[in-house]
Amino acid sequence: ATVAACGDNTASTSSSSTSTDASKTAPVTGNYQGAGATSQQAATEAWIAGFEAANDGAKIAYNPTGSGAGVTTFLTGATAWAGSDKALSDDDLAKSKAVCAEGEAFDVPVYISPIAIVFNLKGVSDAGKHINLDAATAAKIFDGKITKWNDPAIADQNKDLTLPDTAITVVHRSDKSGTTQNFVSYFKDAAPDAWTYDLSENWPNEVGQGAKGTSGVISTVKQADGTIGYADFSQVGDLGTAAIKVGDKYNEISAEGGSKVIEDSPLDDSAKGDNRVVVKINHSTTADGAYPIVLVSYDIVCPAYKDAKQGAFAKAWLTYVTSAEGQKAAQDAAGSAPLPSSLTEKVTKSIEAIKTK
Amino acid sequence: MSSQDTPAVMAPAGGKTADKVFKGIAYACGILILVVLAAVFLFLFFRAWPLIGGDQAANSATISSFTGGKVSSFWGYVLPLLFGTVLISVLALLIAFFVSIGIALFISHYAPKKVATALSYVIDLLAAIPSVIYGLWGGLILVPAIYPFWNWVANHLGWFPLFAGPAANPQRTVATVAVVLAVMVLPIITSMSRDIFLQTPSLQQEAAYGLGATKWEMIKLAVLPFGKSGIVSASMLALGRALGETMAVLMILSPSVTGYSFKILQASQSNAIASNIAAQYPEADDLGVSVLIGTGLILFLITFVVNFVARKITEKASA
Amino acid sequence: MDGAPVIDFDKFRVKPSTEKRRKAKDLFMAGLIALAFVIACLPLISVLYTTIKNGIKRLNLNFLTYNMTGVIGGNQTPSGGYGGVLHAIIGTLEITGGAMLISIPIGVMCAVYLVEYAHGGKLAMTISLLVDVMSGIPSIVAGLFAFSMFTIAFGPGTINGFEGSVALSLLMLPTVVKSCEEMLKIVPNDLREASLALGVTKQRTITKIVLRTALPGIVSGCILAIARVIGETAPLLMTAGFIASTNVNLFSGQMTTLPVYVYQEYSKLSANCPANADATCVTTIPMERAWAAALVLIIVVLVLNLIGRLVAKVFAVKTER
Amino acid sequence: MGQRIDVNHENIYYGDFLAVEDVNINIEANKVTAFIGPSGCGKSTVLRTLDRMHELIPGARVEGEVLLEGKNLYDKDVDPVSVRRDVGMVFQRPNPFPTMSIRENVLAGVRLNNKHISKSDADDLVEWALRGANLWNEVKDRLDNPGIGLSGGQQQRLCIARAVAVHPQVVLMDEPCSALDPISTLAVEDLINELKSDYTIVIVTHNMQQAARIADYTAFFNLKAVGQPGHLEYFADTTTMFNNPQNDEAERYISGRFG
Amino acid sequence: MGQRIDVNHENIYYGDFLAVEDVNINIEANKVTAFIGPSGCGKSTVLRTLDRMHELIPGARVEGEVLLEGKNLYDKDVDPVSVRRDVGMVFQRPNPFPTMSIRENVLAGVRLNNKHISKSDADDLVEWALRGANLWNEVKDRLDNPGIGLSGGQQQRLCIARAVAVHPQVVLMDEPCSALDPISTLAVEDLINELKSDYTIVIVTHNMQQAARIADYTAFFNLKAVGQPGHLEYFADTTTMFNNPQNDEAERYISGRFG
């Protein structure tokens, strides 16, 4: 009765029946909060739904305040975990000592999503066609060095398309964003000559137009002819996307393509600290079918909490999130790429380290 | 003096305590405003303190990261933002002011009574539309819809520096934002002026009519002078609103990183402080937040200066 | 009239040209004023049309009676809907109500102080100036401020609805004070004198005559102030947070409001449907929910508005027989 | 030259309330006509229909004719603005423009038609009008002070000065002296006498001595009963009215006179 | 019983402007005292110091003493509210409360002071006060209509009714009849006569016949010159004042009387 009064949607039977046997530990109860990256929002909503279905009596809220604010809040001890598009800094690590019952906080990847280059061009994107781009050309477009769609640099790679003489309008994020940082880090690694800016979460030049959030970028790209931008794969809709040159093939964007890059990427050994799993994305991968522009988003937790219940929750939460079932839920809800099995092992080991007593 | 002779003057008046308490509360509420504002100021100041008293190298690095390395000093960062904020707000106020006064007069003195009541509702409705909806509408509907108009302006009036072309497409520009902000502040000015215009003493209006004034002359002689103080207050409120508007600007404007520009029809020319804070805050670290709050402090001071100057000017004009 | 100058009134005779010019100007201004109105109607009609057109699609009972728990991607919920705004409506009403309770009494009393007690003294001038300054505080700064205050008072990371109310009241106050101040100023002094001369205390004169006479204007001012804050997003994200389930306790736990809901759904833009999903999975559902919630928000404000108008009307100054 | 006014079968309404019924009156040019009668009988109301001020009250309307030199003021093609310029008005309550100086108040009407008046012309006009209203001596040293800083009586005289400064053809005065002291009242009466050589004057007064002193004709308005419309009971030249009225009601009203 | 007022060496300022200088006057209990004098000489100003209304004007202040039954109104421990409760006032301009009906206007003084009064007492009081102000017959059928829907004269009488309804000890009236017709004026004068058996009355009037008719004492205020402060020129019982004034200025002023 209380459920109806609050307007809660009763958990869907199908997902709860499958999830109960997956989590073998005792069900978690109580209210838990997380905050952080907006990129994970859709996936996290699915995880919350799945987790609450499996743990009757657990109530979880995720506030998509942004990675920076999420980590800051986590470091005050107000949240059980943080979602973040970037790994913890040394500074953050040091601060986490005061929050965690023992040791330092650590981060594990939970969400991998390819970033699409989207465009809107009469005669091309509305005909359902894609274009091919290599890293240098894309970098030059986004740097305002290539200003026309029929520029030879583009035309040469797209012989089967007739490209119009339309001006290119670059659309980028106007807010500070993990998506931007992951996107331009691809240029920096794969076309260092064409992209000389410092790595930053802010868009570095004044080319084209800025728009707030992924939704802003998408709606701006849709609003005019000749626009090009970048956005999370799940938001592409019917816009045109670019196939990126990997080795000597042009690979279309796909969730699996994103996974393949991560599979082919080493761990970042500059990330010091116990249990940390930080991926150093290998942008120059030549793996077959790989799509190299990806965003990896992490969950940040403590190895031990002052409130043991929180530890139990964090452990159960991450276990569910990184499980095949959790990753499937994210894939369904957010179109993300699954964690490659090579990573899952390391992640599981880290999660084991969380103390629940 | 015996008690019988005591004149009634000395009879204690009932409600004296209530009187004192009421006065006390009124005073306290006045003072509370001061306290709150002082608290806000101190809050801004302390949160922005690392900018002044902190490690300057780290500050420079933070600001560089905000601007892609173009600027590393705080003033280099905040002044263009300030410029943009003021530009947008002043344009919005300019557009809204005349239209609002027009509507207020239309309701108070031109429209027939029934129509006027209906129109009053319409204005209240306009006031009632939340800013996030203006942001949505502005970003999704107005931006493409207004492009042909601004394009026309850029092509035909481009000689005027403000309208220098080519007009950006999509029109996520200062011009469009100013229009949306104007629509947002319009009900503030309209609603307040209308209420005041309606209260213009009929004696004064009749005095003007009696001299053979036309309606417009009557308005100039009686209504506008009567409403002046209210109009100024309303405009100041509206300006404040425009200066501080966050979401609508954030959702519509294509901001620049740095630089001053009057080209209101081109994209990525200016940025506003409030929306910049909202854009940067979610991903900012501690020092970054200090920088952002520093920009907020500057906006606060500027609002203070603008109001102070406006007050001095109106004082002079009415003296 | 000894010593009076002799006036040649021919000098001041009305020239037909002047008369024409005056008439033309009168007409011209009337035209401009009417035009101003038409111009202002354009965006209003457009905003309303857009919101209604896009919002009506998902605005149904299910939408109004459910919250967002258990809503995954574009999938349908067991109740046959796609999630709803019940929690956000409750949040909006409670948080805005809290802000009203804080700022309207303070604002009105501050205006009373400025108009009735201060008589343009230094302190009053300062307060009045600072109220204007306050109106320029960006909403996000108000949010940051409230968040910091609550962090100091109730520990780090405190987030609840009341915190949002505090942030909003900071934004409401200037509008309440200014509009009340203007409304009190235009209450004729005659009335104050008439009341005081009856031996009525100042407090009763103010509450029963001055405030009463100015009430319709004060109500409009408060409506303006409510409208000013009820659509705020940025400060609420920071102070009241965001949650998918219903929370009716203003003083504890996160609360979602309608604008925040609209903003979050807009930010999601589109939902994903699993490859094997059936036709009930709608990818465009977040935007549809955003518009529907926007429509609900407008309706909520409209209802508040109507209540205010009604109050104003009941207490209106009785001018006509 | 002043202009004559003929009122034919005039009914005056406030919304649905018929305030004054079937007024027929001929106001002679270059004469002073006084309206007298008990409070609430509609003197002010009738007066305000003579320069179309009545219609400014929401819902108020007029039936019948008001002919100014034979031309119906209420004809469609008549511009109320020019009517009000030709027919000046002084109100029961003084109403100077609060934001204007004394000088500007006097010039307010003139400025409407003459944007650019030379300073000396303006000075002369101000002096002429203020002297006419017997206010010159009191305010000549503070012409630039605000008009509302004056006492009630001073304000009323300022309003008279403002009305005569535009040099209308007809001057309507609604109890212009009710707030004035005897000296100012005399001055205003002198002014009325002086003005009537050029203009037509209509004055509402409660002071029957005043009516007897200055009016050529007197109109007596009356009310049948409270809630009933007022009407013109009796109209006669002033001598007849006060010495030998041919109307019982009028006689009763006047014989109750005093002071 | 009415109360007496003694004014000693009173100087009245508006800001720095000394409006009235060195007033000394003894106002007898249960008598009617009239203030006369040219416009702007400070009659209203003095009157308003008698119930401390003057100090409501920003910057306005009073020097000297005003003794009500020997107690200085301006003493620190005196509450102006209770002064004004004992000393009622009727203003030059009618000012009914716009939000109230006629009935509520009359009861305002009682109701606003939070006194509880039964419906029948209230009805009686309303009728008594309105009859006293000669307004009862005109409004008895529309007591619940708004007070400002009345004509100027009706409004003024309503204000008189409102002032007497609180049964003050002293009633101050600032030209209460200037907007009234003769019949209402007579009624108000009758009321004054009736009231004076219980109360002390001070009335400002421009109408010297009125002063002669109703006042027991008359105070003549004058101005030396414009811009100079006004002062009390001559104070005498009414018979002396009008028949045999011992003051040239007063004589000059009164002999200029008329109508």
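When the chains are written out, they are named A, B, C, D and E in that same order, and each has its own residue count from 1.
Simple rule for what comes next: a residue touches a chain if its C-beta (ideal position, glycine included) is under 8 Å from a C-beta of that chain, and two chains touch if they have at least 3 such contacts.
Keep in mind that this is a model prediction, so the values were computed, not measured.
Number of steps on the shortest path from chain A to chain E, with steps defined by chain touch: 2.
Inter-chain centre distance (chain C to chain D, centres taken as mean C-alpha positions): 48 Å. Centre-to-centre spacing of chain A and chain D amounts to 83 Å, using the average Cα coordinate of each chain. Averaged Cα coordinates give chain A a centre that lies 38 Å from the centre of chain B. Residues of chain B found to touch two or more other chains are 13-16, 19, 140, 201, 214, 217, 226, 250, 278, 281. The residues of chain C that reach two or more other chains are 22-23, 26, 188, 199, 201-202, 204, 266, 320-321, listed in rising order. Multi-chain contact residues of chain D (touching two or more other chains): 58-59, 81-82, 85, 93, 112-113, 166. Of all possible chain pairings, those that touch are A-B, A-C, B-C, B-D, B-E, C-D, C-E, D-E. Every residue of chain B that touches chain D in the complex is listed here, in rising order: 113, 201-214, 217, 221-222, 225-226, 228, 318.
Against chain C, the residues of chain E that register as touching in their complex are 51, 53, 56, 58, 81-86, 88-89, 91, 93, 95-101, 108-109, 112-114, 145-146, 148-149, 159, 162-163, 166, 168. Looking at the complex, you find that chain B touches chain C at residues 13-16, 18-19, 21-23, 25-30, 32-34, 36-37, 39-40, 43-44, 47, 98-103, 105-106, 110, 119, 121-134, 136-137, 140-142, 145, 183, 186-188, 190-192, 195-196, 199, 201, 214-217, 219, 226, 229-230, 233-234, 236-237, 239-241, 243-247, 250, 273-274, 277-278, 281, 293, 296, 299-300, 302-304, 306-308, 310-311.
The residues of chain C lying in touch with chain B in their complex are 22-23, 25-26, 29-30, 32-37, 39-41, 43-44, 46-48, 50-51, 105-107, 109-110, 112-114, 116-118, 123-124, 126-127, 129-142, 144-145, 148-149, 170, 173-175, 177-179, 181-183, 185-186, 188, 199, 201-204, 206-207, 216-217, 220-221, 223-224, 227-228, 230-234, 258-259, 262-263, 266, 290-291, 294, 297-298, 301-302, 304-305, 309.
Interface residues of chain B, counted against chain A in their complex, comprise 64-69, 139-140, 143-144, 147, 168-170, 172, 250-251, 253-257, 259, 267-268, 278-286, 288-289.
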